[in-house]
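There are structures below to look over.
Shared chain: chain A. Partners: chain B in the first complex, chain C in the second.
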Partner chain A sequence: MITVKDLVFSYTEKPFIETMNFSVRDGEIFGFLGPSGAGKSTLQKLLTGLLPRYGGSVTVDGTEAKRAGKEFYQNIGVDFEFPSLYEKLTGRENLRFFASLYRRHRDIDALLKAIGLHMDADKKVSEYSKGMKSRLNFIKALLHSPKLLFLDEPTNGLDPSNARVMKDMILQEKAEGKTVILTTHNMYDATELCDHVSFIVDGAIAALDTPKALMTKKRAVQLTYTFESPDGGLEERSVPLTQTGGDATLRQLIGDGKLASIHSAEPTLNDVFVEITGRRLQ
Partner chain B sequence: MRTKALILSDIRFQFRYGFYSLYAVFTLLYIGLLFVLPDAWRNDAAAIMIFTDPAAMGLFFMGAIVLFEKNERVLDSIAVSPVGAWEYVLSKLVSIGLISALVALLIGLGAGVIRAPLTFLVSVFLCSCLFSAMGLIVACKIKTLNQFIVATVPLELLTVVPAILWMFWWKADVLVLHPGVSMLMACSGRGAQPLALLSLLAWTALLYFLAVKTVKKMLLSVGGIKL
Partner chain C sequence: MRANLRSMRMFFTQIKGDSMLLMMCFLPPLIAAVFRFGIPFAEGQLRSVLQRSAVLSEYYLLFDLFLAMFAPYFLVFISAMVMLSEIDEHVAAYLAVTPIRKRGYIVSRLLYPALLSVAVSAALLSLCALTDWSVWNLLLACLLSVLLCIPVGMLVVVYAHNRVEGMALAKLSGLVLFGLPIPFFLTNGFQYLFSWLPSFWIAKLFMTQNYLALLPAIFVSAAWIWALYRRFTRKLL
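And now, the complex of A and B:
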């Protein structure tokens, strides 16, 4: 669906994105993960044809992004980070208007119901809360059933239950064969939703793999156990899961039945991000 | 189909923002004012009123219309939709042109000064499109309403002053080539009519193409670069 070769881009004289390469397969959810200002939104703008002055090649659904025409935009949907809605119109009127710009569109009432806005569809958008605007903005991007969906921090500002509904809808899009580009700094969303994630730092890809592979390759799963120390307090120790056999203290404690607690912990995507890039996501 | 949807949406938007209510009041005020004036003045006064207000409303309001869209980030979604810059401009010009023509028709009929209704409507519509295109070009480049007002004052003066001079004092034929003069000639039905309409049409087409070019740049600047 997307092939990026030797991409070079800058807003100023100073290079921002230098020789970037990656590809996204049809029907997958691909995440750009990185801190604010890393270049995630710039990449989204490059892929959606909004930044035509780049070097290298950016092919999206068979079209070079800098030559994107009307047909290109029939097949992509973009959920921007900030709501992009007419405040004086109602939620339903906004959807009707944006639907009228495309050749085909889905049932508006069904989308409103799916995202939980059917009861507020006839309220003006200016009366919506931040979360309601985000949800309306999200279904606006799905309206014309695009083959490729760009979602920029879609769950930002949503309560957990509405974030859950949105994530289920994203997974449903994937199940229907749509390709999704998810731009986020939320490691939990990326871990749960993405088939592949790419760590973006300072306009470059620092790592690219499946979330599972990134979490297991870079840092071993740790086993943490606690026991009563000689001074009467609780002492905690950690050992890589693969080296538990060599931990004499652990063997002794198990043998004596004196373990106070024991659990294993996989590193989070955030841990791996910090380890690879030296930066924090959140 | 998409262009029609855009025009209808712009009309709805202008209705919601009170343009129609505002001009309903203005229309009554203008008609009342025309009846207060002496009969001999009525034709010229009506032509100047129509030329400087309903026909020019795009120059006054385009700043607010585009700024609303910029502030509400609607242009982001337009930029990644199949809407072309030409459709966006056409929709803005036609939607404002329709209110202009309606208001001008009511003022003209109310004051009893319209002799050739079709020519009058076409003239006002083209004037409105020309003023709106000017307003749109300025609106694409500004960030605040104050900037818009400051930037449009010279345009208003350059367009309106020669037209007023032509109407009352300076009757040089060559002035038909001036956009403001051609507009006032066409709206008032005075002067070299076919030539005035032709000049007005040429200016409107030129400003339309310039507006399309400016809107293209504005939509690309959504990406964050200045072209």
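And now, the complex of A and C:
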């Protein structure tokens, strides 16, 4: 669906994105995960043809992004990181207008209902809260049922229940065979939703794999246990899950039934991110 | 095409929802009427007071040239205000990733309003002109006026950060119209100091009826548009 080859881009004289390569398969959710300022939104703008002055090649749905025509935009849906809505119009008026730009579109009321805005559809967008604007902005990207979706931090600033609804809708799009590019700095969203995740730092891809592979390849799952030490205090020890057989103390404690506690801790995507890039996500 | 027309319709929806912009739409015909009836009346009064045979009537052509400018000037101003709101609301950037695309947005915010203002300007001039105009000269005057006003709109969009600044800039940019009186009042070589103003050449063209002035009139406007185009399109993102 997307092939990026030797991509070079910068807003200024200073190099920013240098020879970037990656590809996105049909029907997957592909994540850009990285801290603020890493270049995630810039990448989305490059992929959607908003920044045509790049080097290398960016092929999206068979089209070179900088030469994207009308037909290209019939098939992609974009959710910017900021709301892009007419504030003086109502939610419904906004959706009606944007829907009218496409050959075909989905049922507007059904979309409003799905995201939970049907009660507020006839209020002006200027009266919406930040989260309501984000949700309206999100369904605006789905209006024409595009086969390729670009979502820039869609769940940012939403309460957990609304974020849940939105994530389910994203998964539903995938179930219908759509391809989704998801930008986020939320590792839980990336872990849950993405088939592949790329770590973006300073305009470069630091790692790219499935969330599962990233979490298990780098650092082994740790087993942590506590027990009563000879001086009467509580001592804690950790051992990689793959090497428990070599831990004599653990074997002894299990044999004697003297363990105070035991649990395994899978590393989060955040741990892996810090380990690979030396940066924190937020 | 269809998407561009939808975008144009949204342009009118925006104007309808903004009382200031709506008022602006009625100013050109209002001013045209004031010119049509007020100036000849003033001329009659001045003649009898000053005991002269002609006071303002020597400048009737100049009034007509200003008259041709009003519709494009106000429409471009309205368009610039709409664009500043749309940039502020990030809608301008969003439309660039819909079938409208950046090009369609520019067409529906600059080109279509410009064409509309040619028609309005021609109508006002044919109804309210103080001098006699041939059809061709009238159309030419309106076309050149519109061509001059397009870069004014672009300038406002490029340099204003919001609508308040846009208003101030639009008033200031009204100065580009003041190339019109130059050939009427400065008859020596100093007048060419103003040759970077397209309005100077428009006045020159219709004063002297020398169609060679058409070339610089078009060229200078085109140069302004060319100089602003890159910044203008970048501001839309």
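Quick note on the criterion: the second predicted complex is superposed on the first by the 282 of 282 C-alpha atoms of A that agree within 3 Å, B and C clash if a C-alpha of one lies under 4 Å from a C-alpha of the other, contacts with A are read in each partner's own complex, and residues count from 1 in each chain.
The rule we apply is simple: a residue touches a chain if its C-beta (ideal position, glycine included) is under 8 Å from a C-beta of that chain, and two chains touch if they have at least 3 such contacts.
A quick note: this is a predicted structure, and the numbers were derived from the prediction, not measured.
Bringing the complexes onto one copy of chain A puts chain B in a clash with chain C. Once chain A of one complex is fitted onto chain A of the other, the partner contacts of A:Arg53 are limited to chain B, with no touch recorded for chain C.
Contacts of A:Phe97 after superposition on the shared chain: both chain B and chain C are touched.
When the shared chain is aligned, chain B comes close enough to touch A:Tyr11, but chain C does not.
Within the superposed three-chain model, A:Gln74 lies in touch with chain B and with chain C [touch as defined at top]. Once the two complexes are overlaid on the shared chain, A:Phe82 sits against chain B and chain C alike. Once both structures are placed on chain A, chain A residues 45, 48-51, 70, 73-74, 76, 78, 80, 82-89, 97-98, 100-102 are touched by chain B and, in the other complex, by chain C.
If you check the complex, the residues on chain A that touch chain C are 45, 48-51, 68-70, 73-74, 76, 78, 80, 82-89, 97-98, 100-102.
Across the complex, chain A is touched by residues 1-2, 5-6, 9, 12-13, 16-17, 72-77, 79-84, 220, 222-225 of chain B. Contacts from chain A toward chain B in the complex involve residues 11, 42, 45, 48-53, 70-71, 73-74, 76, 78, 80, 82-89, 93, 97-98, 100-103, 140.
Chain C contributes residues 3, 6-7, 10, 13-14, 17-18, 89-91, 93-94, 96-101, 237 to its touches with chain A in the complex.
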